[in-house]
Amino acid sequence: MPDPIRFAVLGCGRIGKMHAEMLARQVPNAVVTVVFDVVEAAAQSVAEDLGALVAPSLGDAVSDGEVDAVAICTSTDTHVDAMVAAAAAGKAIFCEKPISLDVAEVDRGLAAVSAAGVKLQIGFNRRFDPSHKAVADAVQHGAVGDVHLCNITSRDPAPPPIDYIRVSGGMFNDMTIHDFDMARYVTGSDVVEVYARGAVRVDSEIGDAGDIDTGVVVLTHASGALTTIDNSRRAAYGYDQRVEAFGNLGKAASDNYHDFNSVLATESGYRRPPLQNFFLERYAQSYLDQWDAFVEYVRSDRASPASGADGRAPLVIAQAAKLSMTENRPVRIADIDFGE
Amino acid sequence: MPDPIRFAVLGCGRIGKMHAEMLARQVPNAVVTVVFDVVEAAAQSVAEDLGALVAPSLGDAVSDGEVDAVAICTSTDTHVDAMVAAAAAGKAIFCEKPISLDVAEVDRGLAAVSAAGVKLQIGFNRRFDPSHKAVADAVQHGAVGDVHLCNITSRDPAPPPIDYIRVSGGMFNDMTIHDFDMARYVTGSDVVEVYARGAVRVDSEIGDAGDIDTGVVVLTHASGALTTIDNSRRAAYGYDQRVEAFGNLGKAASDNYHDFNSVLATESGYRRPPLQNFFLERYAQSYLDQWDAFVEYVRSDRASPASGADGRAPLVIAQAAKLSMTENRPVRIADIDFGE
Amino acid sequence: MPDPIRFAVLGCGRIGKMHAEMLARQVPNAVVTVVFDVVEAAAQSVAEDLGALVAPSLGDAVSDGEVDAVAICTSTDTHVDAMVAAAAAGKAIFCEKPISLDVAEVDRGLAAVSAAGVKLQIGFNRRFDPSHKAVADAVQHGAVGDVHLCNITSRDPAPPPIDYIRVSGGMFNDMTIHDFDMARYVTGSDVVEVYARGAVRVDSEIGDAGDIDTGVVVLTHASGALTTIDNSRRAAYGYDQRVEAFGNLGKAASDNYHDFNSVLATESGYRRPPLQNFFLERYAQSYLDQWDAFVEYVRSDRASPASGADGRAPLVIAQAAKLSMTENRPVRIADIDFGE
Amino acid sequence: MPDPIRFAVLGCGRIGKMHAEMLARQVPNAVVTVVFDVVEAAAQSVAEDLGALVAPSLGDAVSDGEVDAVAICTSTDTHVDAMVAAAAAGKAIFCEKPISLDVAEVDRGLAAVSAAGVKLQIGFNRRFDPSHKAVADAVQHGAVGDVHLCNITSRDPAPPPIDYIRVSGGMFNDMTIHDFDMARYVTGSDVVEVYARGAVRVDSEIGDAGDIDTGVVVLTHASGALTTIDNSRRAAYGYDQRVEAFGNLGKAASDNYHDFNSVLATESGYRRPPLQNFFLERYAQSYLDQWDAFVEYVRSDRASPASGADGRAPLVIAQAAKLSMTENRPVRIADIDFGE
């Protein structure tokens, strides 16, 4: 067995703590050497729990000689600085999504990674969900033939707090961004045009905050495939996440998980429980599989399973969607993206 | 296209009328030439509707020169006489199940068929239900390997009238008989031993009439396969009919049909409608496919898809089941059947 | 029991013959008195089979004193003339969809119906499919709350002959028209704006004929609900027809029917058969229920379950969709429809 | 928040280690204070990992003043001695199943628990599986009415090593014992009679070792309910575990989990992956919920969710099943059990 990969985990909030615990306890060939958080107590608590050290600064964490890889789980606005520092230190990098809400900032981070020649994987965990992954795999193996249509239903069980909504960058950036990534991942083709409609149907407070809570998007891919996405911030029956890829040979589709797997049949019909309704529960396996993929990526010569370009593209699509919705017209990606 | 097979339909009650209409209107290569019923008005009505003639007697019907095949749909106690007459006239015979409740009578009928060398198919329509048939086909094609276990759930939506129960010959003869046939059909192996438990749980009036309404049967097959059957006269959620064959390579299983195919999902869960609950609705396709199979059987050199022996065996198993239940012990078929 | 409704069936092609047979044999309280077809032999054959008379002309058929209702099943371009004649004769009218591909012609027909004060039901049979109807009923009964999103997947098993494609009026008029009706029916709200994308992915010959075979449409309803429709002329796995209505209280969704209802489980997984793939098989029940609804409509004071306005609206939406696709921009219904 | 319950974990093999890790890391209000194993290195490894102490002897572990509860996860033959010691020390006890294969020994253990007045919960984890539990809950809440029938399908993905089979006490004691417990748990009624059939179909080596690998059992409950159980040591398609309770108002049924939740549809049909096939994966949630239930039980005045009597009854049923199979006759529980 090879030496384990030694991680510095940056950010010990909800998601950082989860990643640190997984790496320390559930991921083969991974150890957590140091952790860092701007709130020292948060770092201290995780470090004690996992037998790791607390780094005095982010710079110390990323340049630690006992560290092979850096997991960036800090707040979004600090991702790029951390990425640049980790790249300069020559470490392999895992970065939570989104890299940044500012595409120019994203480009600065990716340029640093590219210049340093280090590895980078973006935290699009849904790519590693076994059910969604099976759809992408079926497409890649040719089981559905050429993809003609892709349908993504993505509905949250409940909207986030209104204070979060205000700083989220809008529903397309905060929620649909996963679906933009999923569309590229599943079809294996870039997006060239976007048409988006949005509405406030769930909660007028969300509208007052300048955002939408209901949306429909049509994507045209470079391959000619067409994707539909429908979103809602509130599905009464739980966390509804389905992806379907349809082609000339058939279709592959992922389905949801119910709270438990039983049925009650009476003269009024058959009844099953609602869907799981917490993303950490629904996507627990995807987070683990994401780390296994990272370890394998760092150890191999393969391409990143969620590259910097994969992290950048959905941000541009989200911008196009916003513009499309505002002006009620289809928007070509080439007309708004001058990057790379 | 060959000349159609010309049928005499004996018996114009509910099931006879259904068969006559199917033969006249929905079965390719079949026509109804004459019909007969002891109630002449019943025969008259069907004949007019279908453009057939009314035979003055059962004997005239079966010996009609314009008739190739006889469909025996009269009351059970007259089946064997009709079979003997039709055999003597050299016609191909379709006979509704059961041939008779008296095994000696059955043997008299089968002997006549055998002596005349005519074709005979028994009306075990469930063999032609596409879902159950797919289970039997999977076994026959080797898809599940050697069959180790077979599970049959067979529950009616509601008990028949108590007057019918009184003359039905008991639940094992009236209802489980389909499952005994299904067990032989699906496993492709004869039954050598039976253990049966019965209870009155649905309606005490059924118990007062000397019958049971709930039962469990274990069958041991010649191949070593074990079958479980569970029966109830009343499933609140509809007509529950499932068959599963399990072997060393896997399993094949049939499932039910709901009233319609929709779901309602709310915060209290997912809801589908109850099951279809009328056997003519549930098994409509099987009746049609049964006729197609009969036409093909008459025209070809193949074996009967539901032979006289197939009609006889379940009656013997039902007798063994009754004895097993009464004495609460397993009963070997060889100990009660001295036939053939 | 009331006197049955006496029908004149106009047109004895595939669909007319099916309707005539259903009316004569399977619909309670309906009889077929006369039939007509421009090909006399076609009319003769149906008439003989059902014991009806052949009318010497369409005019004779609609004005027959022994006729209460007229079923218009002729070719599309003759619907309006037949409707005007039947209205003038004071008969109740059932008219196959589409009324006409020309909205002005539709308006002429509806004006005649209105002037005569006769009843009219358009043949949008999918409204009567029990699974789709359950979705509409759930919405109408408030079970899903306010509708926010509606998703319609509608994929045929195989494209029609290219000669048919050439005269079909294009995919939106020929195929999506059902989905436009479904969107209005299920949401209970008119459409105010359309955005459509089309592509040729299934067969380049379809493109050569000036049509598309793959499409995605977004509809905005007067209520604010958003509908997505995705279409393909060829689904390798069968006839894929699903409708989902999502609102603040949950969702209602219809699903497909497989060829039969069995599963084979082996070490390589669970396998079910493909979907039913002929529309007459998939929608058989809907055609019967459509006639029951017509009989009830004629006998009662209720509104038409598929009125003239319901027949007209999808034609206008289809025009808007065509324009939207051509100019790649959303099109408002009000900008192209100056009717009523 | 109350003080956490402090555990001594006895036995650090596969199952003991799993329990210790869950208690230390995933169960709220639980800590692991000491661990013990006859193989000191095993104890040492777990202790280090979890920050617990290694007890020099089992006696030291159970009498430790810093311990509130003892988890007995040692080999089956040492359970009763450990139980007696823990009872003497006044600790709450969790004991893995089976308590012992010797009913007299079980009675010695239960007597000690009873005399000491300590709490006891047996490790029938499947009672806490959310899907099976929902079936039991539905029965208990009256949703299916009086239970008439109970069907349990329980098939392992692969047989254990032949060396394990030899010391397992036989399939009824080792595997069906879960189903005997499930039948009592789900129906809420004791078993009064057993009929069992067994066969060697999977592997003749199992037969050579004196055991069976395929079985069918019929249980008669005190309530009159009838249970069928079918078992196989090898289901090619994964771990097949289903429970159904049927009564006068309907049925409740649990179903399996597939490896992932996707479908591939092509012209050859719909395909889903096989079932999960490792019991730690299939039942992971049940083990966690079992600990939550234990903590709640220790803290409350409620009855044990899996009492000593619940641990004893399946052992007696297994003896009866063995006798029934050997003599091929139904065996009454009262005829072999003279306990309590």
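Chains here go by letter, A, B, C and D, matching the order in which they are written, and residues are numbered from 1 within each.
In the analysis below, contacts are C-beta pairs under 8 Å (C-beta built on N, C-alpha and C of every residue); 3 or more make two chains touch, one makes a residue touch a chain.
Every value quoted in this text rests on a predicted model; they were computed, and no experiment measured them.
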| item | value |
| --- | --- |
| Chain pair with more C-beta contacts, A-D versus A-B | A-D |
| Centroid comparison with chain B (C-alpha atoms), farthest chain | A |
| Distance between chain centroids, defined by C-alpha means - chain A, chain C (Å) | 42 |
| Distance from the mean Cα position of chain B to that of chain A, given in whole angstrom | 57 |
| Chain centre separation (chain A, chain D; CA means) in Å | 39 |
| Sequence positions of chain D contacting 2 or more other chains | 236-237, 249-251, 265-267, 273 |
| Residue ranges of chain C in contact with chain B within the complex | 25, 130-135, 138, 143-144, 249-257, 259-267, 273 |
| Contacting residues of chain C [partner chain A, same complex] | 145-146, 148-149, 151, 153, 155, 195, 197, 199, 201-202, 214-216, 218, 220, 224, 226, 228, 230, 232, 234-237, 240, 246, 248-251, 328-330 |
| Residue numbers on chain B that touch chain A, as the complex places them | 236-237, 258, 265-275 |
